[in-house]
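Please read the structure below before turning to the comments.
Lettered A, B, C and D in written order, each chain numbered from 1.
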Amino acid sequence: MAYRAAVVGGSGYTGAELLRLLAGHPEIEVTLVTADANAGATVGDLYPSLAAAYTDLTYDRVSPADLAGLDLVFLCLPHGQSQAIAGELVDTVGHVVDLGADFRLPVADYEQWYGETHAAPDLVDRFAFGLPELYRDQITGARHVASPGCYPTTAALALAPLLAAGLVEPTGIVVDAVSGVSGAGRGLKVTSLFAEVSDNVSAYGLLTHRHTAEMELALGHVAGEPVQVLFTPHLVPMTRGILATCYARPVAGVSLDSASLLAGYGDFYAAEPFVHVIDGSPATKATLGSNAAHVTVRYDERTNTVLAIGALDNLVKGASGQALQNANLVLGLCETTALSTIGLMP
Amino acid sequence: MAYRAAVVGGSGYTGAELLRLLAGHPEIEVTLVTADANAGATVGDLYPSLAAAYTDLTYDRVSPADLAGLDLVFLCLPHGQSQAIAGELVDTVGHVVDLGADFRLPVADYEQWYGETHAAPDLVDRFAFGLPELYRDQITGARHVASPGCYPTTAALALAPLLAAGLVEPTGIVVDAVSGVSGAGRGLKVTSLFAEVSDNVSAYGLLTHRHTAEMELALGHVAGEPVQVLFTPHLVPMTRGILATCYARPVAGVSLDSASLLAGYGDFYAAEPFVHVIDGSPATKATLGSNAAHVTVRYDERTNTVLAIGALDNLVKGASGQALQNANLVLGLCETTALSTIGLMP
Amino acid sequence: MAYRAAVVGGSGYTGAELLRLLAGHPEIEVTLVTADANAGATVGDLYPSLAAAYTDLTYDRVSPADLAGLDLVFLCLPHGQSQAIAGELVDTVGHVVDLGADFRLPVADYEQWYGETHAAPDLVDRFAFGLPELYRDQITGARHVASPGCYPTTAALALAPLLAAGLVEPTGIVVDAVSGVSGAGRGLKVTSLFAEVSDNVSAYGLLTHRHTAEMELALGHVAGEPVQVLFTPHLVPMTRGILATCYARPVAGVSLDSASLLAGYGDFYAAEPFVHVIDGSPATKATLGSNAAHVTVRYDERTNTVLAIGALDNLVKGASGQALQNANLVLGLCETTALSTIGLMP
Amino acid sequence: MAYRAAVVGGSGYTGAELLRLLAGHPEIEVTLVTADANAGATVGDLYPSLAAAYTDLTYDRVSPADLAGLDLVFLCLPHGQSQAIAGELVDTVGHVVDLGADFRLPVADYEQWYGETHAAPDLVDRFAFGLPELYRDQITGARHVASPGCYPTTAALALAPLLAAGLVEPTGIVVDAVSGVSGAGRGLKVTSLFAEVSDNVSAYGLLTHRHTAEMELALGHVAGEPVQVLFTPHLVPMTRGILATCYARPVAGVSLDSASLLAGYGDFYAAEPFVHVIDGSPATKATLGSNAAHVTVRYDERTNTVLAIGALDNLVKGASGQALQNANLVLGLCETTALSTIGLMP
């Protein structure tokens, strides 16, 4: 029998991507999809790409009462909105998988980086941090999951083996990353227009991007000590894909070379179905549409720096695919169900 | 037990796309993949996107002896090369599905449009024309299939209901189409370079594009009389996708309107899993990565013209997906196995 | 002494492009730029690309009183807004060049295609139709000019020699065109988002696009009899560029071939600085950033059809460049001042 | 009287871009253009965008004898080829401006980073390093100039004020940069194909990109001491544009903040026509087609790091525009002749 699921906020790109993935899931059935601003429209009206899979599904308004009793609720809401609704869900639905930022960070960190008071601080501890490769035990033991953001997932997977092994300093880490525009969602902004994005690259959120906090959280969890990251995201002219190029300083006295680092990465991720350690330079397109993350690592003897690179599809492993991976975990299903490791190339 | 299959010419884009689709097929196993120029490389070397699915598969040189006994051989070769090898295959392998142009046309048409003598004229009749929606009976009754090109598939699906119903004149038809660059393959040409293609549109093959012959063949088959098409293809800055905008003149005396044309299209394709008749204007991206074709139709009373539009992914329904659809048919499998109708959007 | 000019509605793409071109004009000085929604911002705030040329220029609100006495006023307003303001300008400023649709069409045609009553019907006759290659005498004799749209400019230049020579029928003409997204302006629409436009092509305005009326007007002017066009525009994933592929039926009895058609086109445009008749297939990118239009023509004996193709930059020859060309004409300046014929390629 | 100039290697992108810029130069006339592989073709055959400006100009084979006596020779050749020809030019032509790598570096550095023996080591000193903003005196005093690469120009302009003022450590500098594909030229490579580049980002030349040496040279020149840089370039899906995001560590004891750094940058570049210090985050598209470089700077107190960002058009300020700027300097012309500071946006 299929688990009954809802996608709340299903008209944005992460919602649509989740619907795409769930259409191929043999054990989860989407019985409800909500989108306040598009209530009454069918999924196919907003996404002709999905019409064949959701012939009769119409967007409803969000109503916690309608969600009660479902086995699984995905929240694909703008930051701040999950806080407002989660209290009515955590005890009435089987599992909540939140794709937003509301339950990822400790309350103090949330309030510092987001500059606002958390509306549901007591609920934060009820959500596991949903980065399976680094928090699998916590996820499988949790009822609810807060799936991390696209940049933190990429950077954490690229750097984790270094910090887990104590090979690099926990400070002085630089994460320089680029993202496709779908990460900004379907909302209307001048900076998301084709004519502005094409033939253009620029950095944004200089020094202050909120995903910094998640990177430091996840890497600190791995390192066992506080980690400090300077993160610079850039917008590039593509729809999907994130690539994080990361720089870290070796701890004094350790002897490094690229081959042994690659071997260590291979060991670290040997059992992971979605993380592929590659010798070459990761390319976002190799992961397009899949839940795979490709990572590599180098040691530069000349400047005594470690370079680690990760690539993934921001809407899949960076959002909806990871959310489904988390859902599979909390439901006790095979973690890879309905998630591909093959990219759409070209 | 799985059918054993080979992909001959598996290093180009149609070959890679076929490998992507076959990785999800539960009843076909790829046991051999060839690419003369890349012999010795692994699939993952050329396509890191596919590495996870074909860990140990290495490109071989083409050898008919190695192919003998296989259940299924896909030929993804440049035009002219299938002719050279088919004679050694048609009786030694279970089924050949040719993605090239060699066995699609009657010999006379082939020689006229391709300007060269056919090297294996006796074999042409052993291949069915692989457009399942219009030739399903011939395909299921055939051992081998010649899968049609991307443009003819799009135009034929867009126009077929009109000609089948005798609503439009068989002459004076215009097909104005655009294609993504992947249709030109992975071969090295200045015209396929990013810096040439981006921010650029131009028509090519003016008056003489070879796919004209396939369009006239398929539409003539449906019409029951010769059909004449003027076809203008354009290259546009995208990787995948074909859109054909078609114009035809109503036969004298028939009374037309858009609503009844749409209803007629809906009836014509009612049983087809991959052709979706839509009220809106088809968009290539709605079909990205899927085997779906979206079509619509309008009657313009002002100019007394019928407008029909079709969209699909040139590498899937326009090439490798359709080839797999044909393979499913000749093997007696469910026609939709391993073929999606959901597009990757955004 | 420079002519003093204003750009009204200078925060959109056509306004910005006009500012870009005017920055290089030795005899026109921009003394005023308006944009109600962006009043108070500098040109450089909205367009860092222009900051170096307009260091101190700030957007004002539109005020006819402020415009009075200027030598030249460019109106870059959404359709309908020029009507509201033109009455206060036509006698108080030297010349108005309107880039919008308000004064291009006869009132009856305007009201039919735009579905609304014209607010200033008496003023329409005071504007010349600003397609210099076909209406130069009218423009130089006029005080005000209504510059035509991007699609009509492209299609009219591609087809005019045929109709002027009486070689093709005035009915049954098809114009199938593609445009970059900048034609939709900087306004916020889902359909202009990068993630929607990339890897996507679709037709829009099926059967009813308003630019049809301008095409029929300009071509009828050339033909000396009414002309009927079926026009299908498409959106393609590029920022700038329009390509129109046009089909027409030869008049009975005329003997055609491609070479003589090309020669006729060469004669027709021999004196034109911005129209280049080329043997090859026009490519939009060859005109990028320039005021050039590239055109070619073919006769297809097989289907007895004439194929004509035109390409240009929709923001230059299709909008702001043509407006400046018109301004040069009404001011009695060299028509080519500050207008390039060289494209930015790659 | 115009100076007579040749463009050697004029069929590639930097050559074509130089021809584009020179078409607008009032005092330089291109009398000769060479391209061995395309000898006999006209400029318009290869670049229809340029046909209007170079109606009769045909590519010749390179011949030093034909170049002798010219006032100016631009070399737009693949690395290594300028060495082979320069000996025959340095005393027979007025000025050589080399756009290649052959004469930028001290011989020892060249041989280390390029892994080959320099064929004309005695000539290296006859070329000034052509980054006008940092080497203007040397350039104006030189007969010949070696114009630096696109990445070094971007990174050096972004970082120079910091090193000139002694605010950051000369080691531990990271330059993480992205480039459009035109930087790879018109040569045929799989990695330059549209279908490979679109929707894709990847880093290349990990740890070893040759432009590192030029960055260290230029920044060492400014700093007055050796500088060490770790440079990671990435290919992104756009045609033109380079953005360098640079990280440096403050020297101990210095007190920094973003506002004073910006003020210092403003002072450093106050007299420069092509370098614009901006408060916002530089975007490549704002510089498209122009010779402008946009730079900004920030101090991150949290991680004690200085972040500096530079953006420019790799084919203009990063190649052909800068070469022309150098030519203007050595000819004693106004440095800005025929070079724009306005970008083509959108």
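Keep in mind that, in the parts below, contacts are C-beta pairs under 8 Å (C-beta built on N, C-alpha and C of every residue); 3 or more make two chains touch, one makes a residue touch a chain.
Keep in mind the model is a prediction, meaning the values are calculated, not measured.
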Under the document's definition of touching, what chains do chain B and chain C have as common neighbours?
A, D
Chain whose average C-alpha position is farthest from chain D's own:
B
Chain A to chain B: how many Å between their CA centres?
36
Whole-Å distance, C-alpha centre of chain A to that of chain D, is 38
Cα centroid separation between chain A and chain C, in whole Å?
45
Going by residue number, chain C touches two or more other chains at 13, 180, 182, 186, 195-196, 198-199, 237-240, 283, 285, 288, 346
Chain A partner contacts - residues on chain C that touch it in the complex
13, 180-182, 186, 188-190, 192-199, 237-239
Going by the contact rule set out above, which residues of chain C touch chain D in the complex?
13, 16, 20, 23-24, 47-53, 182, 186, 198-199, 239-240, 276, 278, 280, 283, 285-290, 292, 294, 315, 340-346
Can you check the complex and tell me which residues of chain C touch chain B?
171-172, 174, 176, 178, 180, 195-196, 198-204, 206-207, 228-230, 232, 234, 236-241, 243, 245, 247, 281-285, 288, 298, 300, 302-303, 305, 307, 309, 311, 346
